[in-house]
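In what follows, chain A forms one complex with chain B and a second complex with chain C.
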Partner chain A sequence: MSYGRFLLKRGLQGIVVVWGVVTIVFMLRFITPGNAVDAVAPLDASPELRERIAEELGLDQPLYVQYLDYLWELLNGDMGYSYISGIEASSMVFSKLPATVELAVASSIIAIGLSIPLGVISATRRHEPADYAATTFSLVGISTPNFWLGIMLILLLSVQFGIFPTSGRAFGFVQAFRITANQGLGAGADAFYQWLRFITLPAVTLGTYFTALITRLTRSGMLEELGQSYVRATRAKGLPESLVRYKHALRNTLIPVITVLGLQLGTLIGGAVITESVFSWPGLGTTLINAINARDWPILQATLVVIGTGFVIVNLVVDAIYAYLDPQVVAE
Partner chain B sequence: MISPRTLRNLRKELRSSALAKIGIVLVLAMILVAAFAPFIALHNPTNQDLDENTLPPMGFSRTTEETTSEMVNGSLQLTNETVYVNATASHPLGTNSLGQDVYSRAVYGARTSMMVGVLGTVLAAILGVSVGLVAGFYRGRIDDALMRFADVSLAFPSLVLAIALIGLWGRAAVDVPDPFVVFGLVDPVRSALGLPTGMPDSFVLPGTVIVVVGLVNWVWFARIARGEALSIREEEYVKAARALGASDARIIGRHVLPNATTPILVLATIQVAAIILLESSLSFLGFSGTTLSWGFDISQGRGYLSTAWWIATIPGIAIVLAVIGVNLVGDWLRDALDPGIEGEGGV
Partner chain C sequence: MSHKDSPDVSRRKFLGFAGAATATAVAGCGGNGGTDTDTDEPGGDGTDEPTDTPSDGTPTERPEPETRDGYLQRANRIAHEQAPWVFLNRQYSVYGKSDDIEWQARADEFIDAYAISPATDSGDDVVINQSQMDSGLDPQDHRATPTDNIVMQAYEKLLDRDREGGIVDSLAEDYSRQEEGLVRFQIRDGVSFHSGDNLTPEDVAYSINRIVDPDTGIASPQQDQLAGVTGAEVVDGERAVDVMSDGLNPIVFSLFASYGPIVNKSWIQSNENSYVNQHMDGTGPFVLETYEQGVQVVFNRNDNYWKEAAEISSLTIESASESSTRVNSLLSDESDIIVNVPPQEVSRVEENDGSSIAAAPSTRVIFSAMRYDVEPFDSPEFRQAVNYAIDLESIVQNVLSTFGDQTAQPTLDGYFGFNEDLDPYPYDPEEAEALVEESGYAGVEVELHTPVGRYLNDVQIAQAVAGYLDDLENVTASVNQRDFQALASEVTDGDIETNPHWYLLGWGNTTFDASQTLIPLLTSDGVLTSWSNEEFDRVVEEAQSMPSEQ
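And now, the complex of A and B:
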């Protein structure tokens, strides 16, 4: 199989999964007790009014008609309107998406930037203090609930020392760029500084679990690779130790690490939901929780569809990178 | 199902690993605390005592501004005074804003975490292992369909799906009588020890949470069980059983499942840790059926960070210790049994 055909096959599988995601989100309404009309109608609504509401929401139609309608509207980018505010669900969700993506990307950068060096140091200096420090950190890191870590960071760095703001988001990364373009470098630098001040604690909170997880994976993978016979062979032919470690052993270590990262992406998004709630970060997680509590179906469905689809897309990208790094995957 | 060789490996690994010993001690401590909570807690964890609210833990004190008024020469004079609130021995880890004992709540919180962690994992394992074994054993269309379904459920993060389901289904909880209290064992022991009596006679089991954490975590078991079934079905002993005319159900139950237990067991341990974290996240966000939970207490303490740090800090330490313990036991099992799985299944 060529690389192109591999990508095509994965892409088609991804579309099937997205269709499944949409179907489950649609079904959620029908496995939920309570009438959907109740969520919208006033308490003293007359039967006629209730009927009209049901008609307007399409709830009087047979299930398969409602399902096909839902699919068709989704294909046209129509996710309905919020029951509460009347705002278009798609514009609401897509306006919240950048904040969540920003948080996820920032914490991934922290996680990848810290964990791979930590894992390598830990594996190459086995049973030295650096290894013990790294393994202790990673054990505690994967065992700490991130919402509690966030609260402890707020307690220490915001409440006690006042270094970072306790919650909220000044503006987005893109907005900071716009400020730089419109108001010059001075205002721009200040904008980025503010952006950084607000995102640091949430990003550290969300990134710690992943830093710890990847450190563990890198360490154990590296230890295994360093024991392989090809490593002995490269050493025997006189390659410098740095090349043996980074060009050969680390490269082979990263392949399984990438698979686990793709699988753990859901954990990252789930973690973002709770991190947003701790820091009042105005992203998809906050939107989701508000929508659930208010039974705002269009917003809830739109959020879930976007989260599910996002997961599929990022996994496709991970798969593409994975297959590029390890051509065996394509051959299979 | 546990062979002598497996036991030997477990013992050998335990002897050489200090971390495994720490893990076992932590997990045993948690099980004992959860089981004997009515004897170990100092107070009824739900008793409110507003006179003793927000007491600091032993070794700390808290300052508060107190305003007193007095009449001086016919005019009212207000004086602001800084008052020190000191810890008391009867609340060694302090009290929360309602005057509930932080230590006793942490003790009872262990029950919720253990129950949800273990029952949720059992449910996820039953669902996932059944699906995975069938998919891996029959392969073909059944396998494709089941695994695509697994892909779809994987696309929803556990926490996201769990809050959606609990938010929509409600927070049903079951009152389970506390056997020690019901049989009258607790009060005599407590009076003999000089502790206050009147512990809660029932325990709230957050039923929806258990079902939901099982439903959102089955995929990990399905993946592992399928992989095992795929390779075991090719083994000679399976072919032999089939040649002898054994039914599919018998082959799966008597040959495939027993040979797949090791990786499933290791995964189950990791999942207990993941589900304890998931439960605490759910109760932190208010999606739980019980208020006796570490996550709930952390959310309560959040509003008092600048005045009473201990309310949110102590339950968090309890979570970290419990999860470290379970993770260390998981590492021990993995290293001793080497089933070739690595860190699957997160929060």
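And now, the complex of A and C:
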């Protein structure tokens, strides 16, 4: 199979998955308790008012008509309007997306910056105190629930010591850049400082599990690579140990690590819901929680479709890169 | 066999404009309130007093009331005696407050930033942290307390409420009833919108029509709040507006004290709805500075306000859905007022230097309704038995950490029509068991449906109620935890037969008038009714045929 056909096949599979996501998300409305009219209408609304609301929302149509309308509008980029605020769902969701992506990227940077050195140290100093410390950290990191860690960090570093703010988001990264461009370096430095203060705790909270996971992956990958015959050969050739470890063993270890990194980025975007809620981070997660609480189905559906589609796209990109780096994947 | 309630459910006409004004109600929101007349002396007309006091337990004879207040009090007495509900508690609004400011919570749950005074230098810029942000800034295109807390800092109504819920003047400096179905508001002079336009009677008439008439601009969800109001028009040659109602509309002034924000006609007409939803042009004490939908709203003081300018310079409103996040923001001096502090967080706020709890009785009553048309709740004796079986004082003390008041009737203390002669049912398990025997339903099993997380400790209250009832030797009781929307769907579909037999709900009556609880929840044709009683219906109907301002 050629690389082009491989990509085409993966793309078509991705479209089917997105269609499945859209269909399941649409059906959620009908399999969860309560109905959309009850979420919108006052509780003492007359039957006439309920009928009018159902008509306005198109809920008086047969299910298949609603479904086909929904698909058609989605294909035309129309995700509907919020039942509660009347705001266009797509504009609301896409306006929240940068905050979530920013948080996911920041937590990934923390995770990558910590986990790979930790994994390497752990593997190269096996059964030494550094190894025990790294494996203990990764075990605790994987076992600690996000919401608990977030609350503990707030209590300790915000409430007790006042180092970080408890919640919210002062600026976006792009906004901080704009401030620098428009108002000079002094204002820009302050904007980046504020950005950093607000994003640190949520990013650490969201990134801890990720850090622990990659640390373990790097450690086991390094151990496996260091036992390979080509490593013995390079050592026999007299290469310095640092070159053996970092140029040969680590590079090979990073191939599966990069795959997991890509996949986890998609998971982070969807999995930021709890972290965003704990820190009142104004992203997709908070939007999703608010939409669920208000039974605001257009916003709920738009958020889930965007998260699901994002996950599929990230997977496609990872597949494409992986297949490019390792042609055996295409052949298989 | 027991006495059964009369099953006449099909003849009421007077509910046409009633009931709807309370719509924020079970939805979990609060609101404003007040009455058309002072209620300093509930029961003061004496019309609910019995003519004699027989000692053998036979029903007492009472003369026919002469006033609307008297009829509403009588209706509350009938409800108390017939016990269509298990009377539970009045919910409290519990806030956390920084010591940097001076502020007192209001009965109607509105956080009036105009009433905030700085106590320290850092109290000049106030941050309020609530559980949700707005659903848009159009003051007439929403019906939720979190949105009111934002938009009503910039917009005002014709009348307003004081902290206890009494009616006070606002943009109307005088008001009077002209005839049945017609009232007149004199519009205050010298008031200007934030844009600089002067307030005119045309603005007022347009604002009212924009709410009640879908053809005026938007299909306002507040139409039901101004229940019975059909339109408004400017009075020729006067700085006044006439408001027309369908029928007497006895609580019309109360409605305008709670609802009906006034907008700038020319500003609204010259802008798209989406613009109006993201900007503000009101007459209120705060001017919008920045607005980030769903994230933050910042106001500055309106220095051209028609009253004295606010004491604080700026106001920021943010939100955090997690109560622990709000509490942490208060303890870290990031917020000055936070809403809905749960009982388990109260000690953290109180023990912290620089913060305290501010609590006030809300407009919401928590009750559990018993359907009059199904066994065993068709028996008044059984319903009374349930009330006798529960230790309400203990529930308020232990489940609600004292953030609640016991109730004895559907109407809350301080409301027009509240009957102050009624006391909560005492905790008397022996009397309860005897009444169960008398009802003929000994050995029955009942199930209490309760929403989860909708009201303060709702599940715990339901478990306590069912637990007390289950402790009786001749009744078995359990709790069924339900999704609120699913439960609400059953209760609000207009068909009493789909209601659970026994369910816990909350109702927020923001008009401070008993009728807006009694009519929707307890009259035969009430939208959310669980009961039917001819005498009760008659008394409420009489009340609705009289003006409040007597």
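Throughout what follows, the second predicted complex is superposed on the first by the 313 of 332 C-alpha atoms of A that agree within 3 Å, B and C clash if a C-alpha of one lies under 4 Å from a C-alpha of the other, contacts with A are read in each partner's own complex, and residues count from 1 in each chain.
Throughout what follows, a contact is a pair of C-beta atoms (placed from the backbone, for glycine too) under 8 Å apart; a residue touches a chain by one contact, two chains touch by 3 or more.
All of these numbers come straight from a predicted model, not from anything done at the bench.
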Touched partner set for A:20, first chain B, second chain C, both or neither: first
Touching partner for A:290 - first (chain B), second (chain C), both, neither: second
Touched partner set for A:256, first chain B, second chain C, both or neither: first
Touching partner for A:45 - first (chain B), second (chain C), both, neither: second
Partner chain(s) touched by A:139 [first = chain B, second = chain C, both, neither]: first
First (chain B), second (chain C), both or neither touched by A:277: both
Contacts of A:191 with chain B and chain C, given as first, second, both or neither: neither
Which superposed partner A:155 touches (first chain B, second chain C, both, neither): both
Which of chain B and chain C A:311 touches, first, second, both or neither: first
Overlap of chain C and chain B interfaces on chain A (superposed complexes): 33, 151, 154-155, 159, 277-278, 289, 293, 295
Contacting residues of chain A [partner chain B, same complex]: 13, 16-18, 20-21, 24, 28, 32-33, 139-140, 142-145, 147-148, 151-152, 154-155, 159, 209, 213, 216-217, 220, 256, 260, 263-264, 266-271, 273-274, 277-278, 288-289, 292-293, 295, 300, 304, 307-309, 311-312
Chain C residues within the chain A interface of the complex: 19-20, 22-27, 132, 134-136, 141-143, 219, 221, 224, 273-274, 277, 292-296, 318-322, 324-325, 328-329, 331-332, 334, 482-486, 488-489, 491-494, 520, 527-528
In the complex, chain B residues that touch chain A: 19, 148-149, 151-160, 163-164, 167-170, 273, 277, 280-281, 284-285, 295, 298, 301-302, 305-306, 309, 312-313, 316, 319-320, 323-324, 327-328, 342-344, 346-347
Chain A residues within the chain C interface of the complex: 33-35, 38-39, 41-47, 49, 56, 82, 84-87, 92, 95-96, 151, 154-155, 158-159, 162, 165-169, 277-280, 282, 286-287, 289-290, 293, 295
